[in-house]
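Quick one: this structure, given as structure tokens, is what I'll be asking you about.
As written, the chain order gives the labels A, B, C and D, with residue 1 at the start of each chain.
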């Protein structure tokens, strides 16, 4: 097992490195490059431009720029000294060892062009709302997809199954943004005005989410605060998960049907086990094996799904940050978000693989 | 050799103390996209307590479906059990039981062993757990007692260090070992009837013999009745008392194993026997039944074997033969050769068969 | 599919409802020998939803080709309604999908013309993606070794990127509102799945007897690829392609909806939706409804076809 | 899409894409704007015909209760917190609540003192000397309130104004408009409260040089941050602004980008009218994804005020009655022809016209004015809610001078083109002249109503023999900063990458605002003459405006300017827009303010009912 995990982690490293290269290419591809902000402004003196270039390392060959951005190279080093961090050890080692603070490896993603904040701060701040949204969506998604799929499989060709099938096909074909907008107008606009149209907390009663005051408030009014967030979660979560539920309920149904058709299920029935035990112990346990892997692989896409949902519902998470940054060409933010989400995809793949091994006794590493 | 008898005549099987199973006019159909498949078409047979019955036939002859129908393991739909079908077991018609009553029969009174032990065991549970589950379901014992029963059963079927094996997953066992587990599982609640559906087909030849031997000894020791479903006449010869031969969903011949194997009365059975490779036949041409099993959607209108039958004549194309008593008592065959007036044809067929089988002696040795 | 823009959940596994339960499998009998295509068509025909989907898509494509000729849309052609209604007018006999707000354009005309662009983008980007994917997959699968390793790691890397996000950024950075560029951008990020598929087909087919035999008698590699291996890889590619089409149609709608896609003056379903949004509060539900339905219908149809194809090409499913 | 404007009252705020902006008087203080479309600007207060009075606002706030919060919804997020760099209306609304300057502009268009002690210096009261002392072209003397403090408790003195002046002119500073500041040779602080400005030129805009969103800056805090770093945001980032000393009634609380922005009461602030800090505990800005979601939020009582709505939103909210404030703004929607003969559209789809810029020919511009039917745009695309515009100046501005309208007359347009030599020589229906085809790019944002407007315009142009291609681009592109865009950015105004652009503009109450937009010296990046207008008559009129502090002279000069504007078709105004705000009755002392001082201009007096 350990060997397998180690091997998979080692395999993931070149992929992660490749991702950083691709992400760095975005900077290079950005119209005008990092200097666009100043390049053509006659009020900026050449000396100022030069110092900016120097600060960004733009006077260096691209591999060195990349190395600095990654934190492999020390920007203040000279010659081969660029490899050595302030503490005399290789620059790419963790900060406590190398003393280096520059570059992605040390958590430095640069500064937002738009607001000038460190990118990592913005990402960290946006991460929690996204985790709440995606986490809730994930639970709902898994539970509903499995219940729907299993029930439909057990009662194959029933009215319920047919209804679930129609839902699955239509839900799968529905553009998420369209659904979100229709939901807003059905439940928080001119239609039934019963759910908030956007945001994460009720501004009137709650301090801003994530601020220190909020946690004080949360501590003293926990049920109210949770209820508030729950109310704001309803529409975005539905919007986010319909596609996933639609796709995965079919997946679960098919997997369950396949499982139900297996010999061991017949054996279980031949043993005289009650239908419940046969379905939910013998068939479901096996049917879930591919589902777990599948869901593991899909989880990261909740975050891209959140791009749409958060934009429509003003949910202050990673997705909204992404759209805003795209609109404003704020590529340090874009690079940061892209890098973080890509790493999450790689990690999720890794976890899905390992998890599969854990739950399926047949897999030996 | 009277255990297996056609139940063409009226009888009251449930009043007969020795009679364990009495299947009457069983019809099982499948509704599939292209139409209806009559998988079992009017099968009847009986089985007494402690006796063994073999069901032989090619793939698609309906032998497995017969067993699954008795066990009520078919999904309805697409399967459909024809009205008038009966399967009297120990005084009750299995086909009329409620699902919950039937559940108490399965695994407890009737147990089944399947062909492929790897896929028939659930890969994600230990073998011990799978046996214990059945024990707990039917015997209502505590987990600890169930577990000791598991170990006991595993030991009974000859698995070494059963305590350790019980905690292993199916994929960690060899094929023969897995089938032993299946047998242990089937016997764990001391069933009155054991149905073994091609129990050795998926196994190595050497292991096959062991498993058959095991089945035989266990059956004798526990005294349960056994239905052995197989396409392998060799298996039949070694293990059963009586045999029925199925073709295209119908019983075409039935009788004691020695009679059927030595004196087949139906050209299909003859063909089956002739196609068995034997030591003596080595080097010679292996005979086989020509043609293929007819499509279930396009069954021949009269005798279903007629298109492949070397002795077929006009009558065979006119009407379906009944499963009737042959000139030997207690023997039934579904063939026009046995009607009056076809005696010369029958003689020709029999003598041809004898000629084909001139070296087929060894088959009888084991009976 | 994609979705959705966002993401496309994975393809559900082949529907197995059409297979007969195992007990009846005994009845599998020899069919009279049909070639692969006849067999596939025979099975596909049996898949009613797929046939309906095929009909829908055929109608859509015909509409996309003929519609703009019959009712050409010119953004600068101004409708002259008999009555000026700011919020537009609901569906009527004259305007079966109603009128837009503002200039009171015919929604049907917009949807028909939008079909051309949306389908063009969906199918063309798929073609580009499949083309690239097939080339790269073939190279990786046939050459193997280092080349294979490098290409497949590249696929891993690309699949690790949230593709919708990358498409958004690329559209924003390089897009100029032209349909061609949108097609290229979508195509450039639609090849990964295909390349994996083709490669795996290569790996499995390469070792089969007929390829060995072909090689043994000195058939050249190119000929082996084009005559022997690719035709065998065709069926999974077609299935994957149907999903790419569906996904890209939805993604394009989203990208255009955000204003990073096709110039909003040329109708695509996404553009029409985007323009319609501000009129929903005025009660104009028909304007966003019909392009939305067009997307759903198309994606549904493509998915049905995909399902049908998968079953048709699946050797385990029955004819 | 940040625009570096708002430096002085005379600057115009670009109306971002989607955004409404501000500027204009509301009818009167006593009767805060009437709802919706019923109020046309004419019914607003007519131009004063007598002596120009800019210093006596009719403003009498109620005494409010202390405590409570007001929540303002906007669908454009404020991201720039340095008042000198901001460009969006929403950022101006934040800045007006956070920064107190010398003066601001009232709801009825008058200067009203903030940190300055009344009266505001004028020639009449001796505060302004022409010519000035010691060889100055002009000397202005201000008296600052005594005992004023920054929000961190440090004293706010004359020196902080001087620092702001130095800061603006700092060589490291990027992209701040220096007009006015660069004409000051020195600022003398003889005491904390006495300030004297020495001008090297007469500068008409002196009164509002430190006007809304042009506040003093805290030297004690900002001098610790290099100016170069400030230009990239240092000191003004979301996580830093809570520590930033500010001069206004509120200070930054928590900033949650993407969600909301909280301002909290600045207890070191003293309201000059009450002698107390602000009434409200806090003002919260809540950001929505789009205007429709915001309207839904307002209906759901999520916010007390919803801002940044437009004429076209009025039909969606008519049921809200009195809560709808349609503020006639100086805002006008117009077609902006690019005068330049060499710097026009780079759009690929029009390059087949040959080399040159058709719109640089006056005949094309004049024809454009005659070819279009403004009334049809109003009736078909705006539900008849707006007033057709003849000039760039709202009839309610004090310097407005009525001009004869240019009416829809395609025959006249064709005649003008014929006379100028634009004829259709190849029979394709499109005119040519000297090898250049009359084919132009029509730029605008992705807003639906603008696309439709250009569809109409394009059809009309076609009818007179001018071909056009509509290019609807992201607001972030067309309104991109000079510094953050290039010559190739689609439709970007700052780089004059357009032939004819449709957008909206808002000028302030100060006629000097026109200088930066129309004077030939004001090409980017020095000014905002993005249409590259070079016209001697315009320059002469605007020079007069710039170099005078006599309002009668200025008014005459503006009348000349407006005549030239119409006669020479400087631009083609389409209609006056309204700022639409939804305001709950719970907001006390809300006075709609159409000027760039914005909604929060009197937030110190607000209270919750």
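Before moving on, here are some points about what is shown:
The definition used in the following text is that a contact is a pair of C-beta atoms (placed from the backbone, for glycine too) under 8 Å apart; a residue touches a chain by one contact, two chains touch by 3 or more.
Everything numeric here is computed off the predicted structure, so don't read it as measured data.
Most remote chain with respect to subunit A, judged by CA-atom centres, is B.
By C-beta contact pairs, the most connected chain pair is A-C.
Distance between subunit A and subunit C, defined via averaged C-alpha coordinates, is recorded as 25 Å. Put simply, the C-alpha centre of subunit C and that of subunit D have 47 angstrom between them. With centres defined as mean CA coordinates, subunit B is found 57 Å away from subunit A.
Between the Cα centres of subunit B and subunit D there is a gap of 93 Å.
With touch defined as above, residues shared between interfaces to two or more other chains in subunit A number as follows: 31, 185, 189-190, 263, 266, 311, 327, 329.
Within subunit C, residues 21, 260, 277, 280-281 each touch two or more of the remaining chains.
If you check the complex, the residues on subunit A that touch subunit C are 14-16, 18-19, 22, 26, 29-31, 156-157, 169-170, 172-178, 181-182, 185, 189-190, 243-244, 246-248, 250-251, 253-255, 257-258, 261, 263, 266, 290, 294, 297-298, 300-308, 311, 322-323, 326-327, 329, 334, 337-338, 341-342, 345-346, 349.
Subunit D contributes residues 290-292, 295, 312-313, 315-316, 348, 379-384, 446, 448-449, 451-452, 455-456, 458-459, 462, 468, 470-474, 490 to its touches with subunit C in the complex. On subunit A, the positions that touch subunit D within their shared complex are 31-32, 36-45, 48, 111-112, 114-117, 121-122, 125-126, 129, 184-185, 188-190, 193, 196-200, 202-204, 207-211, 213, 311-314, 316-317, 320-321, 324, 327-329. Across the interface of their complex, subunit A is touched by residues 71, 73, 99, 103-108, 111-112, 114, 116, 119-125, 133-134, 137-138, 169, 171, 182, 185 of subunit B. On the subunit C side of its complex with subunit D, the touching residues are 75-78, 84, 86-87, 101-104, 176-177, 259-260, 263-265, 274-275, 277-282.
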